[in-house]
Amino acid sequence: MTQEFTLAELVIVACADAFRGNGEILASGVGTLPRIGAGLAKLTHSPELLMTDSEAFLIEDPIPLGPRTGTPALSGCMSYARVFDIVWSGRRHAMIGPLQIDRFGQTNLSGVGPYAQPKIAMLGMRGLPGNSANHINSMFVPNHSKRIFVEGEVDIVGGVGYNPARWLPGMNQTAVDLRRIVTDLCIMDFEGPDHAIRVRSLHPGVTFDQVQDATGFPLIRPEGLGETPGPDDAALAVIASLDPKGMRASVFKDNPPARRS
Amino acid sequence: MTQEFTLAELVIVACADAFRGNGEILASGVGTLPRIGAGLAKLTHSPELLMTDSEAFLIEDPIPLGPRTGTPALSGCMSYARVFDIVWSGRRHAMIGPLQIDRFGQTNLSGVGPYAQPKIAMLGMRGLPGNSANHINSMFVPNHSKRIFVEGEVDIVGGVGYNPARWLPGMNQTAVDLRRIVTDLCIMDFEGPDHAIRVRSLHPGVTFDQVQDATGFPLIRPEGLGETPGPDDAALAVIASLDPKGMRASVFKDNPPARRS
Amino acid sequence: MTTTFDKRLTAEAMVASLADGMTIGIGGWGPRRKPMALVRAILRSGLKDLTVVAYGGPEVGMLLAAGKIKTLIYGFVSMDVIPADPFFRHARQTGAFEARELDEGLLQWGLRAAAMRVPFLPTRTGLGSDVLTANPDFRTVTSPYDDGEVLLAMPAIKLDVALLHATKADRLGNTLTMGPDPFFDDLFARAATRTFVSADEVVERLDLDAATAKDNFYERCFVTGVVETTCGAHPTTNPPRHGWDFKAMKAYAAAAGEEGGWNAYRRDVIGTDEADYIDRMGGVATINALPLPIF
Amino acid sequence: MTTTFDKRLTAEAMVASLADGMTIGIGGWGPRRKPMALVRAILRSGLKDLTVVAYGGPEVGMLLAAGKIKTLIYGFVSMDVIPADPFFRHARQTGAFEARELDEGLLQWGLRAAAMRVPFLPTRTGLGSDVLTANPDFRTVTSPYDDGEVLLAMPAIKLDVALLHATKADRLGNTLTMGPDPFFDDLFARAATRTFVSADEVVERLDLDAATAKDNFYERCFVTGVVETTCGAHPTTNPPRHGWDFKAMKAYAAAAGEEGGWNAYRRDVIGTDEADYIDRMGGVATINALPLPIF
């Protein structure tokens, strides 16, 4: 019998699954759960993934979160100059948590409100325009809501998506490749008509209507929409090894179990 | 009283003088005499010059020719990737020995004869197009003759020069900066009208007519054309320290004295 | 016989050589290896109307708070452990400066264009995004080959001055920068007309070996002056010497929440003298004991 | 639990995966760190009509002598101590291949364009020269900015395959390349659809430290296969293991002066088996004792 598991652990498995079958690319999971998810992928179904020590080097053994003992064995270098070489080559899959996401998959990290004078300014575009134009991208949303899944376009388009109005003749958008959106309610993908966002699976105890109500644009509901699969015992053991201090318990308020009551 | 000196030593001083007042640039003297000349410049009038160990590093103490004892102290890196960064930045002065030179200062290292099937093929263009389009260049010619200073254009233009027919509207040729041609007969420069080649000084015992007769195109003879200055004792000592095995003696047949008899 | 040259100068002399309205690039990355002592010298000066180009850390918030920046060209501004710099946020939200947000990769591409002396470099990055809104002067270029692809023509970001921090330098301008990542200090130096480098230690001559020679990231012909300033990167990380000073960064960020906070911070923390600043921060030994962050 | 993968293969299996007419980039520089064992495997095969891209050393002359090359894209072909390769000269003088001479800097710029997945990169280099004669398909591009500068649009040099030599590799495709200069092996790898690396030693797992990790020049996602071939760079230099084999290069060059020289060289020196070749060259210990050249 499988152990009980938490929503955070369910989400980690969903994040890991996003990296399955990507081939030999740099898996960049930014934030606690995507990072553990990428490590889980590499340690189970996708050993070919490249991964960093979260600073400037490549490693083959994913590094557990928290204080380290000793120096990890390195397999290569991933200075920022090399990061852009990899990004522009297309050999990367980044999973980050944007401030806003729209129906086209466009994402925003810059701020809320008009570009010239945003109501809430954040850090800037960071690598979103380059990531989105060049390699696979996924998103992690810890609090699925209309504040994040906005009705119109995101206020400031950092990450590009499938909005035809933003692409002019002659521009090559073939490298835009949005994969998964993992939230606290469900997994979504871009496999609807014309890359429309589709609910791929619902987390245990969540309904489609709940998800739709928390989203600012209409979602595609596929035939036979099922439940997000959770971790097996082996996966839970790997997760525990990647997060020995239990940092995953503090991502969601009160660290709820995977199944909503 | 100044010691006797050889033609090779005279030429070394002339090469060194080409690097005077260049500012802080990479001085690349290719071949025995230009290399000693660059070292002489750095050790006397132009300490600011950058110089390599002739492989992949920068040094501050010019490395004597011949077998080394010990490892030189390095001041930086000059891998080929960095060489092109420096070349394109314009911070270099290269002095090389081309196969052919024409009245426009265009140079050829590729071969003699038509490009499609040269009569004599050499190594290829090497860095000539990039060097000549980006930074200061000078030339060393050990055997001043019409075979090298050709009548028409060089057969294959590697290094670019001041031939207006080769430059189309909109192209930026302002970085083309040809300085000196040091030969076994004289020093020439590009300070004639429209960068025409001018005899700058004659080596002791050489006449202008001798130079003109050995050149495939008309040369400018300036007012008060003088004699190429030779090394003083201090310079001879530096030269000896840079070439302790006397490799400079084998550049010209029978290692003649500077003054032609 | 050999004449020689010496690039040493003080931070104050460096600032005196700058002019209002200049475009200044600042090396490092976020809260990592920033030439903070040089920035503090600017904060203590009357310099203004600057265009600043940076992968921004605390130096950007400080220069904004002090009203030094007219235009900011940046991929982000962040102190990592304090993700959003409150001085930056406030300035951005009040439209206090012209914000030219770029993708991080575009910023280095623009510096590379300047370094390679070409007017632009083509890329797909930025197309389809509000990079084009943020930078209305950006233009596209069409590939002259059969693909006919339309690309962003990232314009060269030419700098009047680059400010960088190194571990060690010599009076000739040779530098050694330790730490796992060069970031883009080399491109900042190559893109600039003049570059000033602060270093924890300035020696007569750097004698490097094959392993360390590569950590001289930019040739000394790109270095105009070197400033000896021990712990000059404080409060940012400067491996292997010291990590960032979280307490100091927190105190700086907290100042933004107080009435007249910047003026007090400027007066009481930045002060009028770098040696006093280092003393106030606990002194060299304390700063060099700051542990390196783990990620 | 962890599944794994293994990129080891033989030089023969590598050659079997190639096809006539492919564009093959060869790393190293002149007589330095050339993947000669992989080249010898091609010489022993029926492969033909290749487009070869290289900073050419002896591998180019050999492939030309064997009639393998249809088109050569190159900055130069030289063995340094033997400046002009007589097989190359003969082939060039008889018009035996399509010669696309480039400036050395243009070659890396074209590889970089391919690595960055842009159709071209602009430059002044090549303008005014016969690079444009040698490459009649090259076009110019006009800066879309006010400068309106006309530049050469160096087209991306996309490679079907890159062949490189490393000091050490692991079965996952991680590599360690020692020696003072990386040359452009990283760009060859990034510009290629598939990359094969020969290494003097292939281990289970490379465990590098911060100092050596930077000498993994290209990430293993760019490495398709690794071939263990001790002294595989012979007769070219492969620091720190060994210098070039002047005697062997001289014997190769001398073969060009003899009637049927290449056929004899191909039969008697290259032979049919790499292990026999290394034996004929004196064996591993002798080759590893070849002193590094001094410049």
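What to note about this one:
The letters A, B, C and D name the chains in turn, as written, and every chain counts its residues from 1.
Methods note: a residue touches a chain if its C-beta (ideal position, glycine included) is under 8 Å from a C-beta of that chain, and two chains touch if they have at least 3 such contacts.
Quick caveat, the model's predicted, so the values are computed rather than measured.
The minimal number of chain-to-chain contact steps leading from subunit C to subunit D is 1. Remark: among chain pairs B-D and A-D, B-D carries the greater number of C-beta contacts. Subunit A and subunit C, compared by their mean Cα positions, are separated by 31 Å.
Centroid to centroid, with C-alpha atoms defining each point, subunit A and subunit D lie 39 Å apart.
The distance from the centre of subunit A to the centre of subunit B, each centre being the mean of the chain's C-alpha atoms, comes to 59 Å.
Residue positions 116-117, 123-124, 140, 149, 151, 180, 210, 214 of subunit D each touch two or more of the other chains. For subunit A, the set of residues that touch two or more other chains comprises 57, 79, 88, 134, 175.
Remark: the chains found to touch one another pair up as A-C, A-D, B-C, B-D, C-D. The touching residues of subunit D, when paired with subunit A in their complex, are 1-5, 115-117, 170, 172, 174, 190, 205-210, 212-214, 216, 219-222.
In the complex of the two chains, the subunit C residues touching subunit A come out as 29, 56, 74-78, 83-84, 88-89, 92-95, 99, 101-106, 108-109, 123-131, 133-134, 140, 142, 148-151, 180-184, 294-295. Contact residues of subunit A toward subunit D in the complex are 23-26, 43-45, 47-48, 50, 57-58, 60, 71, 73-79, 82, 85-86, 88-91, 134, 175, 234, 238.
Residue ranges of subunit C in contact with subunit D, taken from their complex: 116-124, 139-141, 143-145, 147, 149, 151, 153, 155, 180, 210-211, 214. Residues 53-57, 67-68, 79-81, 84, 87-88, 110-111, 115-130, 132-134, 156-161, 163, 166-173, 175-176 of subunit A touch subunit C in their complex.
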